[in-house]
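Both of the next two complexes hold chain A, though its partner changes from chain B to chain C.
So, the complex of A and B:
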């Protein structure tokens, strides 16, 4: 194990050496490409062997076709949308002519969400849920990390809730939201709240735990310095705790975001809330000869977005921490 | 006025004539007034314009898709969003808690909700969505075992309609081997449940009773065949997995089984009961009260959509199939949907037979909410114990009138006739229509149904609770 780590370190270290630059650069490009090529070949081969009741399992080509289809559908839907608004304006004008007191209102488009729309919805939902989670979890984590008393008191609750599959929360969340969120002109839809709160609930725990560990393990010397200087609690957190705990906080956030993205797709599938999960479920229900390749296309997109989310957190982590060595992939 | 200036004769006869002319003038005036009052009573603008309607992925949701795609909703000033729902329970709860403004519902749902079987809520229907459209499919293995029991035609194909008599030996065999014979239907108060039960019972197979007063809502008391709920789009997958041996569901999920080669449809509901009422459009009573214009306008749009679907002897069906195959509506392959929507039905693979009335949306007054249709569903709920206690005839009539609302339908239809969008002969004669169809004699077991006498009807079945029997 330690040899592997040393090897890994050496590889990393090589990056800095000018002599190995070109070779390194070539292998950094070619190896992943070769990996992808082998994967595509295996996939294509395996797909032809699997025959489902909906036809053959989609290979890379079928999925590529679907990406084109999905994009075309998106474009077509936008055209329909433009026509919808045009008709609506005419209708409004006609009504104003007939009934001058009428205040015309533009209603949002009533057509279906396209694949691209669903991606947008999922991204907005996951980020909202995640940010809300961070707003709750980080202060809570800091408080727990600072006070061993609080830590001991809260610990059992965290330990019990941490392993709960977020999907178990979903029915409860749905019922509570529909009971409490009553409004004639809601700002956001209930389905959005359901997905968002489910995401929040499950990305809470990794952040709380990591933040509290990070805060609790602040160098004792630094804590003593703070004591000597008689810093107020707020200054203590600001000057001593946060800077040392930031790498751990970000590790927690990265874990959380990964969990959040996985949970969101499942929650959308289960609750039929708009988003990529619903797209997958709808296609599964349709059971057409196109369904499997469309689902596969969605799977790839879900994976790719998950990867991008992780990379952007990593980038943020690097920007925010002073100890760059902690923030590795 | 011109006639007042007509020089009159001083004779009594002339006076008479003048009086006559005056009277005529007055009546012309009255006629004019009459027209203007019609104009004054012209349908008002919808109170609620943005609506969300739910549906289940079945071809009989077509009136909703067509009303949207053909702009009939927009013509009424309605901005409707159509949302597919996961299953019938989610859909009903959506309408009850207001997440949905209305939905494509099983005919039994508004009735059951109103009498409080399941979730209690007063749901009404001003519009019946279609006739027929369901089928019963069995797995390939069961079909092979049934086949020897079915008489053959000259060309070697089985004689249709196939009665459950052919299935009975198979069920008995499973029972003797200690294997429960499991079948799927889509919801406890679904048309499919009652049709499947009707077909099984007509062949001497007891589908089991419900006993809600004892807390038993599984519907499997004394059952030979055990029925359970599976959402329509998952029927083929569940059959394929071997969890059930057969199912009763709407299209395209019977044709899907043929297409996938995993099962064989044995009978359509058209052959169980010719032109049986199927889905309805359900809204809460509160919605209809709060938004009367919206309700009438929705009904108008749906009537026009149904008309389009059946127009010129189903000429628009291929286009409808194309629309329904879009992923946001039914989403199955075009040829699967076309199999049933365009007047044919494929039983065993390659055995395609004409069933021109398999999907009826408009003909035979299909959209009119007949009280007798409502009462048939209530009689079946009583027959299988979902309604636990004996009820007098008057109760059946009251419930039907509470839920089925031909009064709203009449307003919508009459305004369409006045605008020339619908021909009067396409509609029942509203002056004389009672809402009760004449006794119906087209059931597979030959039992005659007269909606005026529900308890008498219930007593006729060899399998089933009698009108005054309690489990």
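So, the complex of A and C:
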């Protein structure tokens, strides 16, 4: 909790005036640091009080050790992989030297994903799901915003589906994907599709709602300007409606990306998509003495990535939006 | 006098939850080419409704408007509107705001297409006309209220409208800026000889700028009360006119109409006794 407060304060501090004095600079750095220090102390104190069947609850030190371990495992795995390919190449070269007609085969490495690979998978999955969601939601939102009739018709459906938890969608998505996605040479794995579609279904709604509100609430005077200029419907949407809805569209996208990241972890746990969710689940099932500290490390990483995703959306929003007042954190 | 614009028997009724509200009743007016007419009256008298019907943004319940022999049925750039609150697109620069209008009227698909170079020159020319060429690449939030209103005027002028409709164009400006803008408008009108219909609350503004002042009675069922001809010689100078007996006579005529004949007794606290009906007039006015 106090970590959240620290980050929050950090955020506020970053948005201060650029010409702030030295004092403000010092407090901008020291206050968050102090917050983190207090949090670490509380955490390590509390951790020592809790005993589980998997040993003591991990304190900061155990988690830090695991970060190092996870990184070393990653490096080791990469070395194994490189060695594997090197061996293959040598063997192939030897066989080609013996028999010039031989066509060398390269077999892919099938070692397990490391923690860093899993972070990569999670990011790819969440971005795919989010982008697919945006691709569906923004045009739909524009259509709903432009037509009050459509809006009234679609609204009940949106209101019902908006609060649905990803866990409820997932079994349905899994069954539909296994029924429809049949291919001998699949481009992506089913578990990836399951997680991605679940993410899409959950992050659709904030974007639809915000886009449609942004489109529907175009300033009446600007609409009159458009009428006096006799802009065609297409030009009206392009020149008046879309630009004025951009700030709201981005607000929706930012909310959606937050939802998407939260949903993804749960979806990966159940769909066994090789991302952070699966990492947490596997460690939990593994139940070694290190499991809890590894899960805790994952928790921190998940939080930090979520924070970075939000920041990058905010940055994008500021770049794209004409109305700077909307894009405050 | 050959009328460029003719308003005949215009009546306007707005539906409200408390039944129909008659905003305008039988308004008749002819405006000649190049004439500057101002509409003056207390708030809620339907001045803006008249303007909006001429613009084509509203349709009159009865009667209508004929411009150059054709009935007005929809808005169009031949009747450019300068809106009260400038209504510039906030995401475009001053130049781009004017350019959007110019491209619409003189773009490749218009009846009178112009080349890219001609379009650029025409946009710049109009911004120069309102003395905004120094800030033409600034966005509305970077310039002052008076400057925004100038860009709004430039946008309207750039469409080369038959009639320029101005809805209290200087109402939101401070007194000094307003005087400055009035002088600029007189200059432009002398140069281009536009037909102008302007709504105003300001008696001095009406007398200074107009060829005729149309004074409206109070609503509901507002109509034209009197029309005052202002035959002061042009160019007009506000300082010289301040002591001109003719000017002061005209000024007091307007004041007499507004505060004797059409005196509006409003309670100090604007109690909304008429509820949505009076609200509707406000938004219409």
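One rule holds for everything that comes next: the second predicted complex is superposed on the first by the 289 of 329 C-alpha atoms of A that agree within 3 Å, B and C clash if a C-alpha of one lies under 4 Å from a C-alpha of the other, contacts with A are read in each partner's own complex, and residues count from 1 in each chain.
To be clear about the criterion, contacts are C-beta pairs under 8 Å (C-beta built on N, C-alpha and C of every residue); 3 or more make two chains touch, one makes a residue touch a chain.
Here the structure is a predicted model, which is why all the values come from computation and not from measurement.
**Student:** Of chain B and chain C, which one touches more residues of chain A?
**Tutor:** Greater contact footprint in residues on chain A: B.
**Student:** I'd like to know which partner A:289 touches here: chain B for first, chain C for second, both or neither.
**Tutor:** In the superposition, A:289 contacts chain B only.
**Student:** Determine, under the contact definition given at the top, whether A:312 touches first (chain B), second (chain C), both, or neither.
**Tutor:** A:312 sits against neither chain B nor chain C.
**Student:** In the overlay, answer first, second, both or neither for which of chain B and chain C A:190 touches.
**Tutor:** A:190 sits against chain B, while chain C stays out of touch.
**Student:** Touch check for A:112: first (chain B), second (chain C), both, or neither?
**Tutor:** First partner only.
**Student:** Counting only touches as set out at the top, which of chain B and chain C does A:30 meet: first, second, both, neither?
**Tutor:** Neither partner.
**Student:** State which residues of chain A lie in both footprints, the one left by chain B and the one left by chain C.
**Tutor:** Chain A residues touching both partners: none found.
**Student:** Can you list the residues on chain A that touch chain C in the complex?
**Tutor:** So the residues of chain A touching chain C come out as 219, 221-222, 224-225, 227-231, 235, 239-240, 243-244, 246, 322-323.
**Student:** Contact residues on chain A for chain B in the complex?
**Tutor:** Counting only chain A, the residues touching chain B are 53-54, 87-88, 91, 95, 99, 105, 107, 110, 112, 178, 190, 272, 281-283, 285-291, 294.
**Student:** Going by the contact rule at the top, pick out the chain B residues touching chain A in the complex.
**Tutor:** 45, 49-50, 57, 68, 71, 74, 77, 79-81, 84-86, 90, 97, 99, 233-234, 236-237, 240, 256, 260-262, 325-328, 330-333, 336
**Student:** Which part of chain C faces chain A closely enough to touch in the complex?
**Tutor:** Touching chain A: residues 55-57, 74-77, 79-81, 83, 85, 87, 89-92, 100-101, 104, 139, 159 of chain C.
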